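Before we start, here is the structure in question, set down as structure tokens.
Chain lettering (A, B, C and D) follows the sequence in which the chains are written, and residue indices restart at 1 in each chain.
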Amino acid sequence: MANYNESEFLICLASKLMEDGTTAFVGTGIPMLAGALAKRMHAPNLVPIFEFGGTGASLEKLPLGVGDSRTFHKAVAASGICDIMETACRGFVEYGFLGGAQIDCYGNLNTTVIGKYWPPKVRLPGSGGANDVASFCWKTIVIMRKHDARAFVPKVDFITTPGYLTGPGAREKAGLPPGTGPYRVVTNLALMDFEPVTKRMRLIATHPGVKPEDVVKATGFELLVADQVGTNPEPTEKELKLLREEIDKDRYYI
Amino acid sequence: MANYNESEFLICLASKLMEDGTTAFVGTGIPMLAGALAKRMHAPNLVPIFEFGGTGASLEKLPLGVGDSRTFHKAVAASGICDIMETACRGFVEYGFLGGAQIDCYGNLNTTVIGKYWPPKVRLPGSGGANDVASFCWKTIVIMRKHDARAFVPKVDFITTPGYLTGPGAREKAGLPPGTGPYRVVTNLALMDFEPVTKRMRLIATHPGVKPEDVVKATGFELLVADQVGTNPEPTEKELKLLREEIDKDRYYI
Amino acid sequence: MDVIESGIGELFQPPDPDGFREWVHTRKNTKMVDKVMSEQDAVAKFVADGDYLGTELYGTVRAPMSLVRETIRQGRKHLRVAGQGVHEIDLLLAADLVDTLDITYIAWEVYGISSCLRRAVESGRVKTTDWSNGGITWRFKAAAMGVPFLPVRSMLGTDTLKYSAAKVVNDPFTGKPVCLVPALALDVGLIHVHKADKFGNCRVEGISGFVHEMSRASKKLIVSTEEIVSTEEIRKYPEQTVIPYYLVDAVVEAKYASHPGEMCYRYWRDGEHLQAFLKDSADPAKTKAYLDKWVYGVKNHAEYVDLVGMDRLRQLESEIGAR
Amino acid sequence: MDVIESGIGELFQPPDPDGFREWVHTRKNTKMVDKVMSEQDAVAKFVADGDYLGTELYGTVRAPMSLVRETIRQGRKHLRVAGQGVHEIDLLLAADLVDTLDITYIAWEVYGISSCLRRAVESGRVKTTDWSNGGITWRFKAAAMGVPFLPVRSMLGTDTLKYSAAKVVNDPFTGKPVCLVPALALDVGLIHVHKADKFGNCRVEGISGFVHEMSRASKKLIVSTEEIVSTEEIRKYPEQTVIPYYLVDAVVEAKYASHPGEMCYRYWRDGEHLQAFLKDSADPAKTKAYLDKWVYGVKNHAEYVDLVGMDRLRQLESEIGAR
């Protein structure tokens, strides 16, 4: 096993999910690192979109928030949140990268409260733009830094951000744009997709050294397992060097 | 009687209705001339607002349309039609200056069709921004170049632009913002307001040499007459000089 | 929130946000690719018979006149058109290419009313549905926002509403009546700008009219530009990009393309040309002669510019106000 | 168009377009008058106990931090706040001046979550109603458009909608469900800009965030600016005016006012300062000590700048990226 930590693995894997020449909503944290890495590796023409207005920034320096000046440095456009969210609502943004405190088998996310709504046991930040991103993007990719039964729960305490809601057809019935929804879940253990018929989360690849049954056991709901479970690629030396020496040299994340 | 024509009289009278330091929607034609004159006479701080985005232009040169470059020459802001119309909808525009082919006793205006809707006997330009202006401005001032029974009709063929609709309370009932409506009508013969209780058009002043009964006779509906009918002031030499030598030296209107 | 009133006008282009999304997903390219092409190619590729077409700003001001002339030259028919317009829509009507009009205002402002419109509508050849200028722009804005309608507080109480396709409902928050205008997405939008790069990132100087709304409400979008600038320049002032590249299908370089209208900070309107057309347009034969000379009689915008003549254009440049 | 679902969240500031119009008509001045004043006078005149308050952009980016600190110094209480926020709302919460929050996101982005928010809400001191970032901005946009609500296609199907005060209806044009968010007009908005003239015509560089929407959704609006420029300069590039003068009640000159946040093209964020506060804020006593030093311990923004020190500010200026 090469010399890398879980965060580095997560970032490199998320980065590989970013397609060249496409548009992707980039949230604070891992998605920004993954975007910066993708632009330096296989996806120089990735168009990162930030919710407060930046479109197509160079990502030469790591943004520390979705509105900071690095989100529109050498961008092709710098507008505002309404323009960006409405652009996504019209279907122009392919990918949305999100995180959460809790996730269920349909990919519904909680970043609002632990416990009852008010007063809550733990007050989390709230939706931010996540609800909008997951409503509008064609493919939502969820990044969870810790794959365990506290995070992967049968029922989230609060559906902040829509996955497939209660299952097949539920998004469309609620009025969300058709053809959208969670696409991948990346964790410190594995990569999941959503089984097309039931829209339930399904294990498709594990990290080197992780067995499918480890992932199933770490999941608080019944995780489907694909017929063929692959193995995720390890970070390369080049990726690690870029991450450590350029992208996150202040070590906010890695 | 001094040496001036009907258009010049109309422009000078409309100009006097423009208050210094206030905001006014300025439509193509007479309102533009009146605005340019007002800014040079008593209202240097008039803020002319043009529907396609110009706010606070200098009006050094006469605009020929509501979107041309003179509508935002040395303006304080140059935005777009939505921003302007929404600003008016929020109550920021005091006056709106409009014209029409037909007007009724409640100040409803027709600029759409003569005859039935389709196919019409005469197809007129349509609302343009007039409907929006008259819906949103606190005070609408209508300028009619020819005061006769063809223009001042019992029932307009088409209510393009709202006056008081069917009478007191009708605007509010329809959902239009309260406290708005027609304020003055200026013609080649006289000045009218709207009687506060019935919201019907009322003669308040005639031009020099015009008798109240002449105006009543020229009106195709029963025109109310104020207890005291005044006389409108004639254009001054200074006003005429400005109009002829500066504002409309190409004689589009005068 | 019952519907209190429904306009009886025909809805020539019903709102369909999901259909728009599907179009974007399958037909638009979010890659930055070179889209520079001739006006002939742009119109041939992206304007089809029966299309619902829109233009911005309007006939005498920053209008895509060269693209309108090319559309006529190529004989696109049965167009449905959103009309706040002057010269550009008059030409389409004169060439008899329009079937239906969502009309807010078609006339010649300071110069007078439109004979082409009168002939087309009074003869029953062109069907109309009426709106206010605000109303139709909010329809574009609804499409630009990706929603099926927007609430507006004008048009209420009037025949403009009755003969539109708007609806009136009681707002569920305040209980008061409010007008809902349906989203209007164009099959094809034609827009003329001051500057664009080869990918379609565009800048407009002066007022923005409804360029923001219409560019975002167009399934296909052809942009003509006074000049092509580098993407490096675009990236230096990203806040000036009013149309980002992904909205654009074709970029056509066309200096003086707004002639005989004006282009702020560049050239003033050609008043003589406009007034001559307006006068001629009262007579169908003279209208045809105008088209024969200025549209059909030239191969492209370059020939049109030659026909107008550089002396005239330099004169118009000298007449435009500086900042 | 029946209401299918209504959010159960409290509507802390119900929509009232007619009331907003009345406010504008009786309380706003459309004359161009000099509005330059000190931050003390601006807050004393225009921020009241119980006001519904909003800030733009957010705590680490072009935020009106000097105005927020002055509001705290003057002890405005029982504030109702619209919260997409970081440092600015954390400070208001830390000073215990907030009763209710329309919350979309309050945290510290890259640095972590907010202890001030947790204490305020988990203790039951501050009531919340949740929205998405899009949702709350569209609420401002509705107010800015002068309409009672806007239709939006997010929030649907989630608890974010259930615990909001939005409603779901069937769109009368397509028949599909759509979310309606009620207009949110602020009693007072605080906005920091790059440039303003003495009348309040303002320019912002870089992304516009929600400055357009919030400035137009504010009954009272205090603007702080990095620098005051001449109206002649404003009139030269009128398309750059994002806030026209008539929206503005007070103009406060305040260089470095976004510190410890950044101001694009001027100075970078003070990461050490922000992280020190975030760490301290886990402990109520240390939170108070921060306020004592950085807010109550200075008389005004000039003293705050002295306390930060010009060496530090020059350093932050050197760290911001050029265009």
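Miscellaneous remarks
The rule is simple: a contact is a pair of C-beta atoms (placed from the backbone, for glycine too) under 8 Å apart; a residue touches a chain by one contact, two chains touch by 3 or more.
This is a predicted model, so every value here is computed, not measured.
If you average the CA atoms of chain A and of chain C, the two centres end up 40 Å from each other. For the pair chain A and chain D, the distance between mean C-alpha positions equals 28 Å.
Each of residues 54, 72, 78-79, 82, 89, 136, 177 in chain A touches at least two other chains.
Chain C has residues 17-18, 145-147, 152-153, 176, 178, 206-208, 236, 238-239 in contact with two or more other chains. Taken pairwise by the contact criterion, the protein chains fit none of the simple patterns, being neither a path, a ring, a star nor fully connected. All chain pairs that count as touching, in label order, are A-C, A-D, B-C, B-D, C-D. Chain contact summary for the complex, chain D toward chain C: residues 1-3, 14-18, 145-153, 167, 169, 171-174, 176, 178, 180, 182-183, 205-208, 236-239, 323. Of all residues in chain B, only 21-23, 45, 47, 54-56, 58, 72, 74-79, 82, 86-87, 89-92, 94, 136, 138, 177-179 touch chain D in the complex they form. Of all the residues in chain C, the ones that touch chain B in their complex are 57-58, 60-62, 83-84, 86, 103-107, 109-110, 113-114, 117-118, 121-124, 127-128, 130-135, 137-138, 141, 152-160, 163, 168, 176-179, 206-213, 262, 264-265, 268-269, 271, 320-321.
Of all residues in chain B, only 28-29, 51-54, 61, 64-73, 78-82, 85, 89, 108, 112, 117-132, 135-136, 158-162, 165, 170-171, 173-177, 252 touch chain C in the complex they form.
Contacts from chain D toward chain B in the complex involve residues 17-18, 20-25, 28, 30-32, 144-147, 199, 201, 216, 231, 234-236, 238-239, 241, 244-246.
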